[in-house]
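Each chain carries a letter (A, B, C, D, E and F) given by its place in the written order, and its residues are counted from 1.
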Amino acid sequence: MHLLVVNPNTTASMTAKIGAAARAVAAPGTRITAVNPADGPASIEGYYDEVFCLPGLLAEIGKGRADGVDAAIVACFDDTGLDACRTVLDGPVLGLCEAAMHTATLLAGSFSVVTTLRRSVPIIEHLAVRYGMAQRCRRVRAAEVPVLALEDPGSDAAERVKAEVQRCLTEDGAEAVLLGCAGMTDLAARLTRETGAPVIDGVAAAVKLAEALVGLGLKTSRLGAYAAPRSKPYTGVFADRAPTAPAD
Amino acid sequence: MHLLVVNPNTTASMTAKIGAAARAVAAPGTRITAVNPADGPASIEGYYDEVFCLPGLLAEIGKGRADGVDAAIVACFDDTGLDACRTVLDGPVLGLCEAAMHTATLLAGSFSVVTTLRRSVPIIEHLAVRYGMAQRCRRVRAAEVPVLALEDPGSDAAERVKAEVQRCLTEDGAEAVLLGCAGMTDLAARLTRETGAPVIDGVAAAVKLAEALVGLGLKTSRLGAYAAPRSKPYTGVFADRAPTAPAD
Amino acid sequence: MHLLVVNPNTTASMTAKIGAAARAVAAPGTRITAVNPADGPASIEGYYDEVFCLPGLLAEIGKGRADGVDAAIVACFDDTGLDACRTVLDGPVLGLCEAAMHTATLLAGSFSVVTTLRRSVPIIEHLAVRYGMAQRCRRVRAAEVPVLALEDPGSDAAERVKAEVQRCLTEDGAEAVLLGCAGMTDLAARLTRETGAPVIDGVAAAVKLAEALVGLGLKTSRLGAYAAPRSKPYTGVFADRAPTAPAD
Amino acid sequence: MHLLVVNPNTTASMTAKIGAAARAVAAPGTRITAVNPADGPASIEGYYDEVFCLPGLLAEIGKGRADGVDAAIVACFDDTGLDACRTVLDGPVLGLCEAAMHTATLLAGSFSVVTTLRRSVPIIEHLAVRYGMAQRCRRVRAAEVPVLALEDPGSDAAERVKAEVQRCLTEDGAEAVLLGCAGMTDLAARLTRETGAPVIDGVAAAVKLAEALVGLGLKTSRLGAYAAPRSKPYTGVFADRAPTAPAD
Amino acid sequence: MHLLVVNPNTTASMTAKIGAAARAVAAPGTRITAVNPADGPASIEGYYDEVFCLPGLLAEIGKGRADGVDAAIVACFDDTGLDACRTVLDGPVLGLCEAAMHTATLLAGSFSVVTTLRRSVPIIEHLAVRYGMAQRCRRVRAAEVPVLALEDPGSDAAERVKAEVQRCLTEDGAEAVLLGCAGMTDLAARLTRETGAPVIDGVAAAVKLAEALVGLGLKTSRLGAYAAPRSKPYTGVFADRAPTAPAD
Amino acid sequence: MHLLVVNPNTTASMTAKIGAAARAVAAPGTRITAVNPADGPASIEGYYDEVFCLPGLLAEIGKGRADGVDAAIVACFDDTGLDACRTVLDGPVLGLCEAAMHTATLLAGSFSVVTTLRRSVPIIEHLAVRYGMAQRCRRVRAAEVPVLALEDPGSDAAERVKAEVQRCLTEDGAEAVLLGCAGMTDLAARLTRETGAPVIDGVAAAVKLAEALVGLGLKTSRLGAYAAPRSKPYTGVFADRAPTAPAD
């Protein structure tokens, strides 16, 4: 099985960390290809950054399609561009937030999320509503740690995340905690050990759910919004990105 | 007051129609500038097309900011890129679906939506959930009319839309109907007259709500996900789109 | 355009303040008529007071209809009698709570409300549920200020409201704040300036939304609960209030 | 135990029918007083009629309070004025819709409602949302029978109601049916017998729930919106209705 | 009227207390039979204990059916086995949580629950969701009192429950409080008196609601999940528990 | 990895079919042990049958625990006893309905369910509400096929299921379909092929999700309702089933 993991930002060290996390949980027969676009933001912190990772993200998904990958993962907790990616690839596409929330509810009655900055809180709250998880999600908390501080060994980012995870358990009464940024992927195992609660990393969760869906032989439904893009002209710098599938 | 109306697709005839509809309802002191990006899809029919209108859409919003527009409208019923646009402009930004749904609930206990193609139905259903309108929205229906057929005077598009509007009233029991595509903007007045129900066009609704918000002197809140983009490096073809605001 | 603003209580100084607030935001061509009934409570603080403002409120709406007003506003944050008023006037009728909540969600991901007394909190919470706003409404807070204290320049009412507005931002994490009483209409601009968050006054919001709806040429739907009252006999002191429209 | 049943419209024959239905289910020690106001509409069909029954309804509740009734019932399926009545009486006050919906969910997984006219459908749908019953309520149907036709032995009202009850079972898959008008109170037993499903009359349900609450020795909570009305001046025709309780 | 009250655990002192509480509120003509199974757990604290009370609970309901009881009550706040019991008895079956929540919402705009141990909190939260009460339920709190400590006069259980009840009022802003364990049945009247808020005991609430439903002559609907069990073979130790009703 | 699959009914041929389905999708290193209790009902069709499978189900889970299984699956679409099983095993426990619903929402915007008998419809609807899936679940349909008819090659069960699956797509507009009974596990692949929509079998879905969770090294959270059972006496026939873990 071949899984494509796309870090939608352009920070290669983060892609490497995500790839390592993915490989650490992948099944023996699973090949992980971790990539990031060449074009776009160094980190995704809010809606503006999301926009400029999308063309590069879709290009990587398109390459994966040409390479015959079985499934893909959008390695950003905002589930940036997840819907669009599903229209491109026949195989399943997973997002970190969606994967982590589904995983949590199979193991616990409730969960909280620890993300990076306050501006990401409403984004994740909205995803919880969309995924039907609002009633299980106690609270989305910001550790007030910029994404790239997680890449800096000298920062106190890990300590701040841990403190916030503990508040999820003591103040929110959550039974599990989600780490709300792909850059936190290396913290989950230790925090699970230290807190006694399931602390869930979206990268790992998405890899295992992708393996599960591929193993089931199921593909994304084409009957609704994930139908293949309709053929039509695109102009200007995106002219060569026009869908060429026959119109339905 | 200066309102920027951005048709996020590249079809100039549709931009002209939208601009005319906007001017037809604008208050005497309101100047409407209707534009579309040069780059991107000729129509927006699903998540894939959305991606490739976004960089151009944000560029138009950025130009509007430089020109000192008071508010902006994203003239697509999928509310494509609405959140990102709000991080760029200080003044209010409105989407057609959001504007039309809010307008409907001020006039009627329930509504249905008539959109173009089936693939857009789940997109609009999701917006209804996000906007808190799911319990007021009876049904989202597709007239199975491609967006650009609405630009073709020889097509039977208008008849198909009308037939579906009537089904909203008789089969769904809706008290109002939303036209779920910017390309239907010229049909609303006639359908209101012919059916006796409020038939709401998102373009017109968004213009009037934008005037209302500007008139209130209110701006988009910067305290959550609509904070100004954080300063950071962008690479590749989007290098010049990097936010330059001081980090918060 | 002629807008009727009905303060449903009988305190003329409050009517004057509401009228001034309405005129301050009205568009050049908008005429504001601000009235209050002669009969009924001096302030509306809970469900009992609501009952005794209703016949007078409807009488004022009926006079407005005779005068050909284009729209009406019920200037009470409990949206008292809003539904009944919609059955009388063909043009749109707005309530303060409804207008303020819709306005807030066009500008912010979440909001809190500051009202007068604890007894009004469940009333506003119920409106939030009805309007689909419960998931966007962080909290409804009472400043424990009686309505008429807001009319008394010597009271500390403004300070108490301001303190509660700040709690909305710091404790609730709200991105916007609604002032939950028509008597607070003069505080909004200053609080917006001082807190940096959109602080929304229902009177102003309702005026601008009413202008928007009239500008759209839309009327309240007659297909559901807002159908014109059925003709039937009324007896006793209300005999002359019987609807005379032909039965449907 | 003394229960006051107030038919809020002025049709004495309907009051008599409601009183008989109440007495038919009342426990041996329960005394039923069934009254209607002298002032107001002959039937309640929508929001406008509701307004003009309220002062009379509250007067009857006030008399009941002076007479020491233990609980009261507002015998209208729109639960007209229910909230206001709760601020007046210390003992419990029940509405027909609220009572019937609670009763249904103790006996069945889902229910539908059959009411009189289409205009009442959104009113009852709104009550279902407020009472938390929306997910159990399959559908609210109108038999298109005016309220007073139910008082006319020559009309086909009973047949139309029965046909609609059967549609609830066959088309909606409802497990129980509520009769959505006090004037249908005499049809419930027969329809239960003929359909094999619980067909629930709000009058009977409210009487038994009122007995239950009185038997529990519980009173309406005064901690929220049901606090006793605050003392304040009322002017004009309602001057003598001003609350005289000490302000809180 | 003959009501069967089944304490599903095997602690006879608790059955006696529950029976006394039931008799204290029962109407003059109501006979209360309070029993507990011989087989199973001494207390029910979580899902595991629930399983082993069920066969005994159903046996008691079956005996009640043979004895011609008119209704039954499952005297556990987790509403253990309530659904299964409804398939056995023709008359109504009530659970404590369901009864208490319905009672609360007839008297108050919101409520909180005080239960025994943290592990029961998610169970009750889930019931609130299922019963449509989530939006009225402010919070479910654990007093951290084991069930059987409530049977021990020397414990500080009553004090801990009272302290938590007060937190419901001051911290949650609840207007009523539910005692979330059958073993707290003797505390309700005193706490109502001492706090001024309705403090609701599920045993008493269930008895009065059962009387109400029997008085209405209504039975559990057989049209959905409460249909009589289908006839089929059971094997092993439960062979004699196989349903013998004719298959539908 | 060792997965225990417990068919909670006593029909060995169904256990064999479920075991084969599980093995067909299991990863190379996964060992499947499929068992059923000796005691209890031959099929589970409603709440009554559920009760009598539970002690046997928990015994099988307990044996699995002693055998060191890594995870367990309750192979009934009603998710019978799922919560209790989670308190016994440290590793994850999956139910068919929960697994299938989560799987569906990773692949499609909406789904419908086809189950056996009408009496199971409300049970599955309730699970959808509990799992947060109600807004994604279009409809739960009954094929009116008894569970054991699925074991009878001569019955028309497969045809009836297929017809109902097609109605999910054409009438409900669902984008995916869940087979709502473990006995339908052999129909999924063919129906996926024939309809072009993802048709999801809960057995397969649960196996792959269980592998995913075990691969993540995560266990059920002990912080809420899934805490290990408290030590306490059990009496009678269940005396030897008393939990022996130290009380928390």
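The working rule: a contact is a pair of C-beta atoms (placed from the backbone, for glycine too) under 8 Å apart; a residue touches a chain by one contact, two chains touch by 3 or more.
On a predicted model such as this, the values are computed, not experimentally measured, just so you know.
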item	value
Labels of chains that are neighbours to chain C and to chain F	A, B, D, E
Chain copies touching (chain A, chain F) - same or different residues, decided at half shared	same
Rotation angle (°) superposing Cα atoms of chain B on chain F, nearest 5	120
Centroid comparison with chain D (C-alpha atoms), farthest chain	A
Distance between chain centroids, defined by C-alpha means - chain A, chain B (Å)	28
Geometric centre distance via CA averages, chain F-chain D, whole Å	43
Junction residues of chain F, two or more chains touched	109-110, 121-122, 126, 129, 134-135, 175, 223-226
Category of the chain touch graph - line, ring, star, complete, other	other
Every chain pair meeting the contact rule	A-B, A-C, A-E, A-F, B-C, B-D, B-F, C-D, C-E, D-E, D-F, E-F
Residues on chain C engaged by chain B in the complex (per definition of touch)	25, 27-29, 92, 94, 98-99, 102-103, 105-110, 131-136, 169, 174-176, 189, 192, 196-198, 200, 204-205, 208-209, 211-213, 215-226
In the complex with chain D, residue positions of chain C that touch it	10, 37-43, 45-52, 54-56, 58, 81, 83-84, 86-88, 118-123, 126, 129-130, 146, 148, 223-227, 229-230, 232-238, 241-243, 247
Partner chain D, residues of chain F touching it in the complex	121-122, 125-126, 129, 134
Chain B residues within the chain D interface of the complex	109-110, 135, 173, 175
